[in-house]
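Dropping the structures in below, format is structure tokens.
Across the two complexes that follow, chain A remains constant while its partner is chain B and subsequently chain C.
Up next is the complex of A and B:
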């Protein structure tokens, strides 16, 4: 239906796809050109499937299939997040007809630039999940005993929190963030897997936590039961690499595919931390 | 997009224990945010407003300068504690912050992102400009050997508080200086106005997108007004540094100085009084006044 907006005469018979490939972690990237036969209603995932089927570059050389990640194919899992024409988004909801309208020369695909590349367009987003652990983005409900009903939830509170709960941890917000720098470590030969994981977590814990985790901390701080652990989350948000690293460029909210009010969460976290800072200093 | 852009990515990965700056990052960043408004931003507003009083008359400006200098020997202490040290703190932490950022307006050309980059660019311009400006007018440190052997030969310490408008006006005659001051003042004004807006988010004053929009409008108006004050002050000062108006300014400054000497309010101070080229040119006019 969207493709029909373009007159048939304007549709190309084929288009070029440039992919930034990388064979293994830490190796240099290289560009590869692919020529794809045009079909209406393609998305970037179907383009990648065509590239895999061809396994031949635009110059006619045989090549390995481009590796990529995907799962739900309806923009709710975040697995296929990559840079399409330089901007971060999900490949599944990136429609070729639209992309060619904006840039008839072709499509450029790159892996996300803020996460370690595993291969081609596949990146390791462990740091996103580690950030959720840092702010304890959950509600602790332990024990087997029945502790009765929890605190009442207001309609207003629910309406504030619902949009925040839509986060799929795709990483678009931090990819577009000028304050979020890539952290990539490599396993040493004398290091066990567990030691390496621990060293990686230490590095992640000092680096900027990012908008997604800040917003999740607010989601659970605003929850009537989650509020009971609010100070622990605020402590994490004021640790090195916390909220203070935010530079208010507000790219996060502009690129979020789920339209989550991330900058509202950031400002709300700022207000909670202002209060927490004074309470911590004068109440101790 | 070249592949090489990855090389710019910065990581703080290290096995050594975190540095002082990292351990106290939250407090330092909040102090940085606060110091931008109080005292640095507040001082800048007062400074530009006082300077703009030259548009009223050189006498009005001179009166304000005398008021500031009535602090006497306390003035350098106030200067260092409330102005120079906070500016240095704000500037040095600012450089650290700038080095930790990876501006990306190319791929994400949104208004707020452009302001993010501009905030960093104007901050760096402001740092350099303030260093030049304080050297040019004040000389950085008021120590005789330093002033005579280094500052004056390089064209610094041109402002003489007891000959306020005329000495500042004379120092602003070259086009290069006016250009430096124009760029510097506008960079400082943008940096303050936009900084107040981001500060409101940092401390959690304006939260919703609507409130942030309203706040950014108010900050824009504030910035525009302050820019008018600043540019007005610059060109008002410059106008009093040449021709008839220079002679008139010198006359009124002389009268005020003589009066203060006579009443015993002031002791003669050649350093604050200045001299040089101006004195010669208006010696004749002084004769005619007498």
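Up next is the complex of A and C:
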């Protein structure tokens, strides 16, 4: 259990890190090897920091620092998600000692495969934020003036909502989902940033919304105020790219770093949607 | 006239609260942030958010007492009107966050549950599991997304604020910013700019803060005329988990539940800690403070841990500073029940089970009380004039500062769970002031008249950027310089401050500031170049670092987080009652004298070369007169008696609705 318990002799003096790099969107990827001096208690972020400071490959060639995203370094912001030894996870909570135990040959880092690569390990996850707009993932309060407390909530109710509300939009669930296919568009030379964003949003809105957003729809439908416009969220889930795309493969729930009960949310969404379609049919 | 707009820089709690409030007022907002706003540093806050509530009220709590605890905990260094306004607004803010859907923990009947935090006797702290900051931030992020969806707010995530745009009259007319992916530099017209860019922990290399907390944005504003206040007040948390990349917070509850702090008596004893017999362990807190043991107040715990490692050389590891925080004498079941969440964090990042092996911990830089100087307008009732454009405006008209990056609310020391409150509060109150300011402005920065100003200042930044990429011959590595800066700052300007060390540190930082101009970039490309973004942020750390050091060097006293042993006021040692009395009188005289001299805001004006010059400003303590913090001091009772007698002579019982000003001094914690 204790990392320090490994006899010193077993520890490598250095280890290899292979990074799948890509200079810009649409460019080919290429592997680069880095040799890192071993220290106890490193994580993948500190390895990337060392690579940035060295700017030299294992063959001694000088190179640019690898680009990657991070902020909190405590697995709570979701920024640093990447594939570490093929597994989608946060780089900040990926401990080198553990990784080397499992795979003494070294560590392999790749960008997430379901999002457009901007550079190296940095990907564009705006599609996930867009999905939150699709399901109107907010409480439509009247305003921000003083109106007293929110609705009372039972402990059980809070215990259902709280775990869902821990979703950090990291994207692990959709990375692992067989139904979630990459959508990547490229800016045309005659296109403004706003036009490009608009075109991307249209494409995203047709594609699968993904487990995280489905679960967020449930989070707000479960709130007494949010419940008042539950139908709008269900309408979004019934649209193309909505809930029906989910094949119930359950990969998502297995990789969520926050242990969010995604398949429970999906099942709940299914039941709510059935009720909604039924009502919609008879209201016509 | 083109439509007036606001640029909000920063999408943490403060920036998003401002964004949604402005949108509600019908004002167009461009919200800009280094990270996607949902990934801002505010997600890290675990503990909770303070306000008076129905239950504490029944125990005699009032907003006035919240104000009192806050200024007492802050050693009276904050202007009291803004703090008063915040304390009185707090219950409404928690209600609002509740309406926005924050999953606050509940009582069996369905009310919001509260816990107690340091520095108060009341259970004022609302919380949502162990991720209160994340939950609050998400609620605001959702509202911002709602406004974005409605077309009222434009989001610029992945942009680095480079500078405010200032016209000949000195008014802020927009910002220049750079896209982190395409590296495009663009100017954004704005009739008001709000900086909500958080703390500056990265100046210390590693801290409990996130990687975006470089302080670069405030530094950039300070270099063109905004002023920086109380820089020297940096809060250090006693227990963090040292990591190669970050120092992660270990909650105080580990000690609260019986954790014991110790080091081996033999320096760097290589044995497995469990093999070290009791007699060879130094439980230094228990030995030095038999009465309080491991539960001494946080500032004392911090200093003692520091002392044992740095001065006694008793750190557990030879190559880095740390002490043991030991829970292994407590049963697994009990630990899991009471501390499950936080033990999980240790296990996740250290790969070690703290139920089996003592944790290794060390103090870490945690919060910057200081920040951009910001104004306020006092109302007749001692609070703020709401809707005044002066509230939170910096020295640059049209440029505002809110959240952790302003200096207003926490004085010399922040109380736990008060920061999330101050962030949301400032975000909400800055908006109506700007609304009023817009009414009096006769023009808009979007008017043709300002186009050349905006173009010109953009070009300046473009040139700086191009020159940085082109620079040849420099051999300095920015990452190495950052590490050196962090080491110097951590050594000289954290827990214990000595003038000789500060003087030496200033010299070293000046030298590093020169070396940083010789950095060569390992990436000279113009696409997602994190190397150049980091180097720019690093350069801008120096003016703030210098302001911290200079401020600390000048301030020859102890106040809140600023501790200089050479200027400490020791307790009294006499046993003879008359002599005791005399010493207590003398103690109170020096206390008064110290306040006359140092109960002042430090204001750093930073010149074009990044050099700070200090001046001082009086503090508005008109609501609650300053009183000594006597926690743990020898002879506290007699000092308090003398002090109260003097107070009674001066003020004929008029302090606030509860006579809170004469409330007995209690220990204040930080969080």
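In this section, the second predicted complex is superposed on the first by the 270 of 284 C-alpha atoms of A that agree within 3 Å, B and C clash if a C-alpha of one lies under 4 Å from a C-alpha of the other, contacts with A are read in each partner's own complex, and residues count from 1 in each chain.
In this text, contacts are C-beta pairs under 8 Å (C-beta built on N, C-alpha and C of every residue); 3 or more make two chains touch, one makes a residue touch a chain.
Keep in mind the model is a prediction, meaning the values are calculated, not measured.
K.L.:
With everything superposed onto chain A, say whether chain B and chain C fit together or clash.
P.N.:
After superposition on chain A, which the two structures share, chain B sits beside chain C with no clash.
K.L.:
Quick one: chain B or chain C, who's touching more of chain A?
P.N.:
Counting residues of chain A touched by each partner, the higher count goes to C.
K.L.:
Under the superposition described above, what is the C-alpha centre angle at chain A formed with chain B and chain C, rounded in steps of 10 degrees?
P.N.:
Here the answer is 160 degrees.
K.L.:
Tell me which partner A:261 touches in the superposition: chain B (first), chain C (second), both or neither.
P.N.:
In the superposition, A:261 touches chain B alone.
K.L.:
Touch test for A:86: chain B only (first), chain C only (second), both, or neither?
P.N.:
So A:86 only meets chain B here.
K.L.:
By the touch definition at the top of the document, which applies to A:42: first (chain B), second (chain C), both, or neither?
P.N.:
In the superposition, A:42 contacts chain C only.
K.L.:
For A:274 in the superposed arrangement: first (chain B), second (chain C), both or neither?
P.N.:
So A:274 only meets chain B here.
K.L.:
Once the two structures sit on chain A together, report how near the CA atoms of chain B get to those of chain C, whole Å.
P.N.:
In this superposition, no C-alpha atom of chain B lies closer than 21 Å to one of chain C.
K.L.:
Can you list the residues of chain A that touch chain B in one structure and chain C in the other?
P.N.:
Common interface on chain A, chain B vs chain C: nothing in common.
K.L.:
Considering only the defined contacts, which chain B positions touch chain A in the complex?
P.N.:
Touching chain A: residues 1, 3, 5-6, 9-13, 15, 18, 22-23, 25-26, 29-30, 97, 100-104, 106-108, 110, 112-113, 115-117, 119, 197-198, 201-209, 212 of chain B.
K.L.:
In the complex of these two chains, what residues of chain C are touching chain A?
P.N.:
These residues of chain C touch chain A: 20-21, 24, 35-36, 38-41, 43-44, 92, 95-96, 98-101, 103-112, 128-129, 131, 134-135, 138-139, 142-143, 145-146, 148-149, 181, 210-212, 243-246, 248, 345, 348-353, 356-357, 428, 477, 479-480, 522-523, 525, 527-528, 530-531.
K.L.:
Tell me, which parts of chain A touch chain B in their complex?
P.N.:
20, 28-31, 86-87, 108, 110, 113-114, 176, 178-179, 181-185, 199, 203, 206-207, 238-251, 253-255, 261, 263-264, 266-274, 277
K.L.:
Which of the residues in chain A end up touching chain C in this complex?
P.N.:
My answer: residues 1-4, 23-24, 39, 41-43, 45-46, 49, 52-53, 55, 62-65, 67, 69-79, 92-93, 95, 97-98, 118-120, 122, 125, 129, 132-133, 136-141, 143-144, 146-150, 152-155, 157-158, 161-162, 165-166, 168-169, 220, 223, 225-226.
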